[in-house]
Amino acid sequence: MDTNKRYEAGINAMEELFSQDVRNGMAGIKDISPDLWNMIVSFGFGDLYSRNTLSHAQREIITLTSLITQGAFDQLRVHLQAALNVGLTKEEIIEIILHCTGYVGFPKAVHAMGIAGEVFKENE
Amino acid sequence: MDTNKRYEAGINAMEELFSQDVRNGMAGIKDISPDLWNMIVSFGFGDLYSRNTLSHAQREIITLTSLITQGAFDQLRVHLQAALNVGLTKEEIIEIILHCTGYVGFPKAVHAMGIAGEVFKENE
Amino acid sequence: MDTNKRYEAGINAMEELFSQDVRNGMAGIKDISPDLWNMIVSFGFGDLYSRNTLSHAQREIITLTSLITQGAFDQLRVHLQAALNVGLTKEEIIEIILHCTGYVGFPKAVHAMGIAGEVFKENE
Amino acid sequence: MDTNKRYEAGINAMEELFSQDVRNGMAGIKDISPDLWNMIVSFGFGDLYSRNTLSHAQREIITLTSLITQGAFDQLRVHLQAALNVGLTKEEIIEIILHCTGYVGFPKAVHAMGIAGEVFKENE
Amino acid sequence: MDTNKRYEAGINAMEELFSQDVRNGMAGIKDISPDLWNMIVSFGFGDLYSRNTLSHAQREIITLTSLITQGAFDQLRVHLQAALNVGLTKEEIIEIILHCTGYVGFPKAVHAMGIAGEVFKENE
Amino acid sequence: MDTNKRYEAGINAMEELFSQDVRNGMAGIKDISPDLWNMIVSFGFGDLYSRNTLSHAQREIITLTSLITQGAFDQLRVHLQAALNVGLTKEEIIEIILHCTGYVGFPKAVHAMGIAGEVFKENE
């Protein structure tokens, strides 16, 4: 894929994952570092989310798990919404967090579940 | 679920995930701490893997991701085999690791891919 | 221990560790996931804190250290109060954090000490 | 170096890194634990930052990277300012964060870049 | 404490914690970096382990927990032996690891228990 | 940069960092996942190491620090050699590790210094 195509593919993937509002918020990083923005779009979403073999829903299972495991709770909020957007149910998301208790311990799982509760409420 | 049923459910889940040999190896922990063994079986596999809502294949996506993110490469080897046993393909496992590059960086992803290569070879 | 007894043991342990207010706050997780609440009570507090061999004070030394090491500072606040409740002194808690500097570095230790200062003030 | 000299060397290093305001804020830890304050000054800044072989600017490259990698974003803010104070440019700091994407993944890099943007704005 | 006294205090603490053989092994680091050796002895063992308020046994509870939480399994082996040397029983050490399952998840706890089993065998 | 140029830039950067032998070893990952290889070369070395603003020596300071902080000791060995190749001295590398003690604690710093000692010996 050439550079323009990678960027375009990334933008397309982001449109499936995030609302216009969230994408506008993410694009704020362009003011500080246009290069980081390009890497996020072209590598993060173009090279990774645009690949086949796994669905967006499966990719969000991976993303949520990695964010919970590393304690990246700011990004978790955005991806909990993305997970709902690409078709994971509230029940499946809760189940992902429950499964994590055995692998990362309760503190991170409880923290994640609290944020999930807030995101679910915003979607009622 | 009462205590016996939790343990039984755990043993059943482990039979679906791991070969007899692997389960024997895991049971070695009983010699040091029968209580840890009980927690692994009853909580880890009984309470978590025996739940519905997510399939074993989906649970292994979570498990692999969490192990890669926390750098738990000894346990990763066992769960890469379990992932194959419950129906994830070689291509899907590679894709999980590729997706992780964006979330955990290359060092852990490369380490994981190296171990995956060894596990794939054992399954040829 | 059967299921009811595990839950009961967990509730009893929580009563020794946390005030009514804190327990009410923790129970808020039931609205999002009653299953996570059950695991916290039955496994976290029933299976772990209710065991013998280590006192509650010794268990809080472990808990505080693990939370500091993994940077789980939200949960740290609650367990700093629990540590005081089960008899660790302010001096001992400060000493735990000082000892951690050598094992986790200054950034996490300083963060923990700041929170400890706030908790100590609430207990004056 | 004897004890007084280590402390003095630490205070001198801190004066090169941090403004009077920031140093006053950091000294607040003395109210909770004078021993932690002594360790921060004598070991952290006296034994480490006062050494030769690496410049303060090089030391801040290390510090920023370690804080980003471990997700210690509170301390990151203070050291982003220190990095500017000892002569790293805005462009170099952005570049450090970009380089980190490959080693720690995007979530921590994006978080760090957001904070860097705020610190840069305060310095305009 | 002046510099010589800090070093001496560190050497004394190390004698209570480690066998002559282990101390000789640790001192090997002097060939690469005498400065790191000095920091380990003077800060790690002189400033930290030589303090009062907590016993050596309590300090090893902290050390073991931090090492398990950060996955520092090489250092864990040495400190499991130190824990036995300063009076923690095999049962207490097992209990520390069990308590950690709830805070760090099973993979690290299982890894730690395996190493503990080997250390216990060497002490039979 | 278009796709071929990113790959080429990555290969060029790798030639400055690593010996032919090491590059051959790294390329082994192609047998398992040619896509991961492409990402390593094009993103890791093409997009990141080929940028200006920071020298290769400065980039290796970042890389070493991140690897030490996350405990990625397998990759550390390769990058310790790369650090020497791009002009960091043995004394500077030791100093990077010493500086890390204050930010990540002694266990990881000691582990890193042990590996550095082995790499230095191979370069005598």
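Every chain is named by a letter (A, B, C, D, E and F) in the order it is written, and numbering of its residues begins at 1.
Everything below uses one rule, namely that a contact is a pair of C-beta atoms (placed from the backbone, for glycine too) under 8 Å apart; a residue touches a chain by one contact, two chains touch by 3 or more.
The UniProt protein names, listed by chain, are A, B, C, D, E, F = 4-carboxymuconolactone decarboxylase.
Since this is a predicted model, take the numbers as computed values, not measurements.
Undergrad: Using the touch definition from the top, list the chains contacting both chain E and chain F.
TA: Intersection of chain E and chain F contact lists gives A, B, C, D.
Undergrad: Write down the chain pair in A-E, E-F or A-B that repeats the interface of B-D; the criterion is over half of the contact pairs matching by residue number.
TA: So the equivalent interface, with over half the same contact pairs, is A-E.
Undergrad: From the centre of chain A, which other chain's Cα mean sits the farthest off?
TA: Result for max centroid distance from chain A is chain E.
Undergrad: Between chain C and chain F, what is the separation of their C-alpha centroids in Å?
TA: The separation of the two C-alpha centroids amounts to 39 Å.
Undergrad: Taking each chain's centre as the mean position of its Cα atoms, how many Å separate chain D from chain F?
TA: 23
Undergrad: From the C-alpha centre of chain A to that of chain D, how far is it in Å?
TA: 30
Undergrad: From the mean C-alpha coordinate of chain D to that of chain E, what's the distance rounded to whole Å?
TA: 29
Undergrad: Touching two or more other chains, which residues of chain F qualify?
TA: In chain F, the residues touching two or more other chains are 35, 39, 43-44, 51, 66-67, 70-71, 94, 98, 101-107.
Undergrad: If each chain is a dot and touching chains are joined, what shape do you get: line, ring, star, complete or other?
TA: Drawn as a graph, the chains make a fully connected set, so complete.
Undergrad: Help me check something: in the complex, which residues belonging to chain D touch chain B?
TA: Per the touch definition, chain D meets chain B at residues 101-107.
Undergrad: Using the touch definition from the top, list the residues of chain B that touch chain A in their complex.
TA: Result: residues 43-44, 48, 51, 53-54, 58-59, 61-63, 65-70, 91-92, 94-96, 98-104 of chain B touch chain A.
Undergrad: Please output the residues of chain E touching chain F within their complex, sorted ascending.
TA: 29, 31-33, 35-36, 39-40, 44, 66-67, 70-72, 74-75
Undergrad: Given the complex with chain C, which residues does chain A contribute to the contact?
TA: Going by the criterion above, the answer is residues 71, 94, 97-98, 101, 105-111, 113-114, 116-117, 120.
Undergrad: Hey, which residues of chain C end up touching chain B in the complex?
TA: Residues 1-3, 6, 35, 39, 43, 47, 51.
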